[in-house]
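Order of writing sets the chain letters: A, B and C. Residues in each chain are counted from 1.
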Amino acid sequence: MARLRAGLYYAGLWATSLVFFAPIAWIVLASFKTRSDILAIPPKLIFTPTLQNYVDLFQRQSLFLQIGNSILLSLGAVIIAVFVSFLAAFCFSRFKPKGTDFLMFLLLSIRMLPGPAVILPVFLMYAAFGWKDSHLWLMLFYAMFSIPFSVWILKGFLDGVSTRFDETGIVNGGSWFHVIFKVVLPQVRPGLIAAFIFNLIFVWNEFLFNFIIGGVTTQNIPYALAVGTYADGGVNWTFISAMTSVYIILPITFIYLFQKYLLVGMTFGTVRGEV
Amino acid sequence: MTVFKSPGSGSKFVLPRRSLLKGGAALGMSTALGAPFINRLFAAEEHPLAGQSIEMNILGIAGWVPSSLGVKMSPLFADYVKEKYGYTVSFAFAEAPFSDLFQKAATSLATKSQEYNIIISDSQWLGALAKPGWILKLNDVIAKNPALQLDWYSQTVVDTYMTYPDGTKDIWGLPQEGDVEALYVRKDWLDDPKEKEAFQAKYGKPLPQTFEDFDALTMDEFEKIAEFFTRPDEQRWGFAQQYSRVYDFATCAFNNYLWSRGGEIWDPATGQIEGILNTQQNADSLQAFKDWLKYCPPGATNFGIAEGIDVFTQGKVFSTIQWAAVGSAMITDELKGKVLVVPPPKHGTGDAAKRICSMGGQPWVINAFNDEKKMRVAIDFMNWWYQPDTAVEFAKRGGNPCDKATLSRDDFNSINPWNQTYKFMLEEGRSRDFWHDPKYSEMLAIQQEGYSSFVTGQSSDPKAVLDYIACAQQQILNDEGVAKTAPSDACAATSL
Amino acid sequence: MSAITSRPRLARLFDDRRMMVLTLLAPVMLFFIVFNTIPTLWLLGLSFYNFSLTSGMPPEFIGVRNFVQIFHSRNGIWLDLSRTFTFVVCGVGIQTVLGAALGFLFWGSRDMPGRRIALTMLFAPMVLTPVATGTFFRFIYDPTFGVLNAMSHGLFGTGPIDFLGNPSLAFWAVLAVDCWMWTPFMTLMTLAALGSVPKAELEAAEIDRVPFVRRLSLVIWHHGKFILMLGILLRTIDSFKTLDLIIPMTKGGPGQQTRLVAMEVNKQAFESFNMGWSSAYSVLLLLISIAMTSVFIYVLNLRRRREG
């Protein structure tokens, strides 16, 4: 009886997951259909699959540039952001300078404005200084956007790391560098990973900033999706489905591999073990 | 701590000298070997860029056949200049869909960048790109280049693709693709003897069969045909056109009704919109525009260009009013030989019946901030584009050139199924573009919102919708200084 | 022992402290000043000018006229704001309730086979590019080609429903997609919140046979509410900014039904290039956001301080 109940319970959970995953499955399914199959009425569940869409996808001009840019911009921005955030969070947690709360709030306020509102003055600024269409400056801007969330998470975790560790480290003759990076950092790993993954996914999927202050050399995949939506007059379903299916592999893999850390990371430091 | 000098550091300075010598020798050798070739190149034509290699960037329209044609044909240009002038040019392309293209171009040009050297712009943006001085004024260029002094097919071409402000002689663009509205019909459905019989029985008239039949057709008569073919249970409808809120889709489709029935959208001389756009006559036209939804497939209120192509190519509709530029997308391999392209029906009855439809198409514009070299290449490109051979090649691949010479060829009509209609609609007085004003984007957005709100049933009074649009547009033009009068007091009460 | 030997170190620490704080904070402050403070000041300044990028004319000082225009606008600025608020409140509300329910459901499933995969599938909607999501849902909702209509026709025999073209349905259809995307986020936060409840207390409550509802309010809510509230805060802030999702689906239509605040800024700033006006509007939005967030944080901090 208990087994039956458990079985039903698990089945219910799986059904829920499948319902949420269904539209994505639909997109992936579409990536193996020909254009006529995609537009067939009623929609086809059974069809002869084709790999042509993927072949076409990888023959697209600039595709590898765009994928490369996506990877470069995401990794670069997030690594910079997490590093800078860690330092700042350490400072806020350990030294609690005056105005910590105010600064934390101010950092959060960056994320409050809608994208176009944020990018407006930045666009004018970049235009004035000639920083448009530059990997470095785009990456730095993305980093800025990733900092608030990272600081909040890392501060939470750092608050949970006892200052005894710092003291012991110092007492044993280590420099602050040693204490910060060798003693404390490993203990906030879940927070680091959670911050890393969330921000990575944000930059990975980011379109508007790249469109406005990026350019020909920094185009990424969401940009490619937006401009590739229409092909020679009709909606380019085959491209969108194939491209989306390929593009989603990285984030989903990360969510699968680092799920434990995500769950712990989102506790903002109140849990250090398993969730 | 002692610092040791690395053993090879002394020789570090010897190496570069050696490699310099090697390089020099190589250079000398290649010059000696290459001399005969270079001489031959110079013998072709004296050109300031000879022997150089230049990169050009073209910004085009994503997923738009004529734009991608321009892009696909650029290797031909590269070959041409290599042989004729002796320089190499390589092209890179960027593109954005219609709804985002102006954004992309403007954000780049605002930084005075050379990111895009040649741009395929939509005709309405001439003002917005010319006023801030972002694109090159072409009067001098045309004066110096006889190849660009073409006889254009009609004044409409010049007005739409080249001139800003309207009515002056200032030229800012050269036509890349001419485009007009056409009616695409399923000839195979028309030819079906069963359909012919049923139609004759029901309406007492035969189904039109030829170009001439459709030329004479009025909207009232066409409505019968659309109704005849509207069979929802068979998943077939009689008609489709654009109603979408996005970009200019609803506007272009509605303007067909507005102009054909005798209405106007503004007075270019005074910039006056109020009182001209929001007349009762135009309100009736708007109602008629909405009424035709009953012959369109469900979801037609969201139809733009792409959806129009989708429903037609999937065999869901008998006819579609669609741009001539996407002819090659409309007539897929499966539909070859089954499609007839004709002018849209006339509005009205008898001798007074007429058709005036929206004008589409895109001009080439040249970035004003190009350096000397790129400017030179851009001008060479234009010279090459308007050569008779290039124009015919463009037509053969599905494009629509605009010069009289190409269009007057005997074989022009047979190159593409829509060419006959294209020439027909390009003649004086049959097609029109809307305002080229720099503020067109704001005015268009309001208009699109209004029309969309009416066709989806959010607003029920067509006159009220037109009042709202006219007032808002009057305000914009008045603020800009183009319209002399401010919106009237009645405007305060308008809303959607 | 450590007290004696660490004192001089601590003293040195104290001297170093200012330097340390500076070094640690310097990168963040640099970023902040360059990418946030300067642009915000620029925005503030520009809001007092009339500056249209495509007019070719330099910015013209007009004082508060932009703001006056916004306040008097019949064009629906207030409608946009109320629509956005409805979107945020309903959206976050549904996402929280549904997400929390799912979180509780998944909470007890430690032994479920393939839990990791199931959770990954559940979280997948969050990581899809919004541009792709919008485009595909447009397709799914399509009355002619879409799978939803095919299903409803097959199951309930209904005629074609134009989800995105019907003025009364469009807003809710778009909201439904937003909920689909972000309910998993609230589930994630709920799971994290539940995880932050000390196991000892949970077990004690179980042993004491405390009824579930009381267990909920006493133990679980007491510990988990901070994270849950944080999740709601983050979601509220992000929901206010929704843009990428709506543009491919309806672009604000039909008429004005799905026009949200972020879209108007986008239209004015990057389609009409009215930099001055859109700066003024952005300043207004910033003030509203700050007000919203302050209230939230105040409530959050209040609870936290009460814990001690």
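By definition in this document, a contact is a pair of C-beta atoms (placed from the backbone, for glycine too) under 8 Å apart; a residue touches a chain by one contact, two chains touch by 3 or more.
Quick caveat: nothing in here was measured; it's all calculated off a predicted structure.
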| item | value |
| --- | --- |
| Touch-based graph of the chains, sorted into line, ring, star, complete or other | complete |
| Pair of chains with maximal C-beta contact number | A-C |
| Averaged-CA centre spacing for the pair chain C and chain A, given as whole angstrom | 15 |
| Whole-Å gap between the CA centroids of chain A and chain B | 38 |
| Chain B and chain C: spacing of chain centres that average the CA atoms, whole Å | 39 |
| Multi-partner residues of chain A (each touching 2 or more other chains) | 39, 41, 212, 226, 229, 235 |
| Contacts with 2+ other chains: residues of chain C | 144-145, 270 |
| Residues of chain B whose C-beta touches two or more other chains | 103, 107, 110, 310 |
| Touching residues (chain side chain C, partner chain A) in the complex | 2, 5-6, 9, 13, 16-17, 20-21, 23-25, 27-28, 31-32, 34-36, 38-40, 42-43, 46, 102, 105-106, 109, 111-114, 116-132, 135-137, 139-140, 144-147, 150, 153-154, 180, 183-184, 188-189, 191-196, 223, 226-227, 230-231, 234, 237-238, 240-241, 243-244, 248, 261-262, 265-266, 269-270, 275, 278-279, 281-282, 285-286, 289-290, 292-294, 297, 301 |
| Partner chain B, residues of chain A touching it in the complex | 36, 39, 41, 61, 123, 126-127, 130, 132-133, 211-213, 215-216, 219, 226-236 |
| In the complex with chain B, residue positions of chain C that touch it | 52-56, 74-76, 142-145, 159-160, 162, 164-167, 250-257, 259, 267, 270-274 |
| Of chain B, residues touching chain C in the complex | 99, 102-103, 106-107, 110, 128-129, 131-133, 244-246, 297-302, 310-311, 316, 438-439, 441-442, 445, 449-450, 452-459, 472, 480, 492, 494-496 |
| Touching residues on chain A, where the partner in the complex is chain C | 6, 9-10, 12-14, 16-18, 20-21, 23-24, 26-27, 39, 41-43, 83-85, 87-88, 90-91, 95, 97, 101, 105-118, 120-122, 124-125, 140-141, 143-144, 147, 149, 151, 167, 170-171, 176, 201, 204-205, 207-208, 212, 221-222, 225-226, 229, 235, 237, 240-241, 243-244, 247-248, 251-252, 255-256, 259, 262-268, 270-271, 274-275 |
